[in-house]
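Note that chain A is present in both complexes that follow, paired respectively with chain B and with chain C.
Showing the complex of A and B:
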C-alpha cells in the first residue's frame, strides 16, 4: 500500500513540534516519540500564551512561516500545531 | 512528565476545570486623585501618585477609554484611587461595560439600585485603635453599617504587626455584619513606628491567618498557600521581587528575561494616558512589597511550575479559586 506523503510530512512535523515543545519548555521524562499529540497543552501541562509565543518563534524560524498570535487559542495540542504548520507551508 | 490529570483525583480535577477556562485579564484604574481619608501607609499618597497626572473630568472621554480597554481584552476592571466613590459617574461608566471591582474605604455607600452586583472591597486597617491611628477615624463603624449583609462586598483587612493576637475579634465583627473578609499585609511605605514586619512577626501572623481560615471558613476568603507566600515572600524556592513580580504594567516592562506576568495588565492614572509602573507604588522596595494581589497573581501566572506534585497543584487551584471568588467569577 502506498504511503501518503502528506501523512509522512505531518508525522515528521508533529515530531518536530514535540521536540521543540519539550526543549523550549524544559519538559522532563518525555520524548517526541512518546508525546501524546492529542494532549491538551494548556489544560494538562499548564502552558500559557507566553510559552506558546516561545514555541511559535522557534517553529516560525524552523519552517519560515508566520504563526498569527490570534491563532494561539486554537493551537491546543501538538497535532493541531502540526496541522497549522502544514497548512501554512501549503499556502506559501 | 506530570499532567494535571495524573496529579488530581476527580474532585480536585473538577475544581480545576471550574477555573481553568476563566482567562481573567485585569487592569487597574485610578478613578480619581482625591480621597476623603488620608491614611498613613497608603501608597497612593505617600509616593505622590496623586500628583502624577491631572484627572480627566470629561465622562465621555472615560467612556471612550473604557470601550478601548474592552477592545484591548480587559475583562476585569479594578477601580482604585483615591476614593472611587467620590466619582460614581466614572465608576458607572466601567460597571456598564466591564466586570468591575471597586476598592473603597466604605465611607460613601455604593448605591445598590445603580450598581446591583458590582464587587466592592472595603479597606480595613485593624481595630478601632489602629484605624484611628493610621486613618484618622474608625472607618469600620461607618462601612459596616453601609454594607451589612451585602452579598457583593467584602473587607480587605490589611494586617499590621500591631494586630497580632487581635485579629479574631475583627473577624467576628465582620461575620456579625454578614460580610466576608480577605487578608493582606501592610507594606509600611511611610515607615510608621512599630508597623514594619520582623521575621518572627511574619511567622506569628501566618499561624494566625491559618487559624482564622480554619475557624471561620465561611467568612474568610483565603488559602493557606497564599498565607505562606505572602508572609515568606517565597514560592517554590523562588523569592518575590522586581524580577518575579507579575503585576508590572506591560508596555513599561523592560525586564529581560521577562518573567511570567499578567498579560495585558496596565495600571492607568486618572488622566487615562499616564501609566504607573505596577499595581502599587513605584517608590516601593519590591523586596519588601507585601501586596496581596501581586502575590496571588504571582502564584496564578506560574501554573506550569505547580504541575509537579499533587500538593503543589492543589495549592495553585486554591489560590486561583480565592482570586476568582474575590472578583465573583465563581460563587463564594
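Showing the complex of A and C:
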C-alpha cells in the first residue's frame, strides 16, 4: 500500500530506512534510534552494491517509488536515502 | 523441456511480465525465497584477479594472456611479496581471488601463499600440471574441444586424458568447455568423458581478443547452434552440467555481455563509488595493476565478450534490472546459483527454477 506523504516526515523516513538497513544486512547491536544518519554505508559499514540494491528494492516497495539504479552511488548514508525518498514522494 | 522458439514466450509468461511487480511479491513464493536467501549469503564476495606467472606449458591459438601489455610484465616469484600483497588485499576488503595467467600451476608456492591468507578463490588452469589438494580453491580446467582439436589449436597431445588423470573425482574441479565457432559438436564426446570421470562441466564462449578476427570468433549461426547445444546438454546431463537456460541466453546472445548489461568492471566503468568499479583490480605478474585495463579477461574485445568469468560478475551485478517479474527474477537467481556453484567451494547448485528461456531485460531472446 502506498504511503501518504502527509503521514510522513524526514525523521520517520530516516528511522524506516535504518530499520530496513538493519534488517536486510542483519546488523546487530544497533537500533533505528541509535543508527547514525551520517554513517557512510560504503566506507564505514562496508556494504556493497548488491546489499544496496536489496535495500533499495525493499524501500521501493515500502514507499511505492522508483529508486533509479544510476542513483545508487549517491545514496551514501541513511540521511541521503531518506532525503531521496522524501523528494520522490513529493514529486509523485 | 526447453523452449527453442526464441521469440515466443508462453502466454502466461507474457501476462506475468505485463504488470508491475513489487520485490516482496517476487520473493513471496517459498521456493524462490529460499533460493534468494541461499544466494544472498554470498553477496560479501569481492573479487580481484592475479596473473601468477608469465610462463605457460602450452601455446594456444587465441590465448588471452599473450595479447596486450600484460604478457611483458616481469614475473615476481617472491613469496613474501605475494604474502604482503594478499594481506593488503584482505585489508582493503577483497574476499575472493581469481588466480590466472599465464599458467598458475607453474607457481605452486604462490598459490599456497594466496590460499593461506584469502581462502576463497579459484584457479584457471590448463590442467596439465596437478595442483596440490592443500590449495582448496575451485580449479577451472580449460577445454577447447576433443583431443584432436586440442592438439591442433593448443599443440597439446592427449590433453583431456592428462586433465582427467589429474582431476578425476576431484571436488575442486570444474571443466570449462570453451565453445568456438569450430568445436561446437565436439562437446558431446568430451562431456561423456567428463561424466565418466565424476567431474562437472560448465560452458564458456570464445570471446575475441581485441583485433582478433580468426576462425574461432563466433558469428550469428554459431551463437544459435551453441545455444541449442547448451540447452540439449542441460537436458541430457543435468547432474554433470553447471549451467542454466538463462546462462545460455546471456552468453549466446547476439549482443555481448557489455552491450546487454553494461559491464561494471573498471575498464568500462569510470565510477569508483561502489561495486566492482571501486574494488576490482587485475594484477599483473609483477604485482602492478592498471585501472584502464582492469577486467576479468583483459584485452578481450568488449563488443564480443561472452566470457563466463565476465558474466558471473556482470549479470549478477544487475539484480535491479532483473527484479521486474517472477520469471526474469527466477532466471537471474538460476544464473547466480550457477555462478556460485562454479566459483565457490562447497556451494551446491540447486535445480534451475526456470526451465524456459527468458530474455535479458530490455532485449529480445
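In the analysis below, the second predicted complex is superposed on the first by the 84 of 92 C-alpha atoms of A that agree within 3 Å, B and C clash if a C-alpha of one lies under 4 Å from a C-alpha of the other, contacts with A are read in each partner's own complex, and residues count from 1 in each chain.
Here, a contact is a pair of C-beta atoms (placed from the backbone, for glycine too) under 8 Å apart; a residue touches a chain by one contact, two chains touch by 3 or more.
These figures come from a predicted structure and were not determined experimentally.
Asks: Could you tell me whether chain B and chain C fit or clash when both sit on chain A in the superposition?
Replies: They clash: once the shared chain is superposed, the two partners overlap in space.
Asks: Output check: A:45 vs chain B and chain C. Expected answer is one of first, second, both, neither. What do you get?
Replies: first
Asks: One more residue to check, A:56. First (chain B), second (chain C), both or neither?
Replies: second
Asks: Which partner does A:12 contact after superposing on A: first (chain B), second (chain C), both, neither?
Replies: Neither partner.
Asks: Have a look at where A:30 lands relative to chain B and chain C in the superposition and call it first, second, both or neither.
Replies: After superposition on chain A, A:30 lies in contact with chain B alone.
Asks: So which chain C segment collides with chain B once the two are superposed: 7-15, 187-195 or 205-213?
Replies: Residues of chain C that clash with chain B lie in 205-213.
Asks: Check chain A for residues that touch chain B in one structure and chain C in the other, and list them.
Replies: Touching chain B and chain C on chain A: residues 42, 46, 48-51.
Asks: Over in the complex, which chain A residues touch chain B? Could you list them?
Replies: Of all residues in chain A, those touching chain B are 25, 27-30, 39, 42-51.
Asks: So in the complex, which bits of chain A are touching chain C?
Replies: Against chain C, the touching part of chain A is residues 42, 46, 48-54, 56-58, 60-61, 69, 72-73.
Asks: Give the list of chain C residues in touch with chain A in this complex.
Replies: 22-24, 40, 43-44, 46, 93, 264, 271, 273-276, 278-279, 316-317, 319-321, 323
Asks: Of all residues in chain B, which touch chain A in the complex?
Replies: Interface residues on the chain B side: 1, 3-5, 17, 20, 258, 260-261, 263, 301, 303-304, 306-307.
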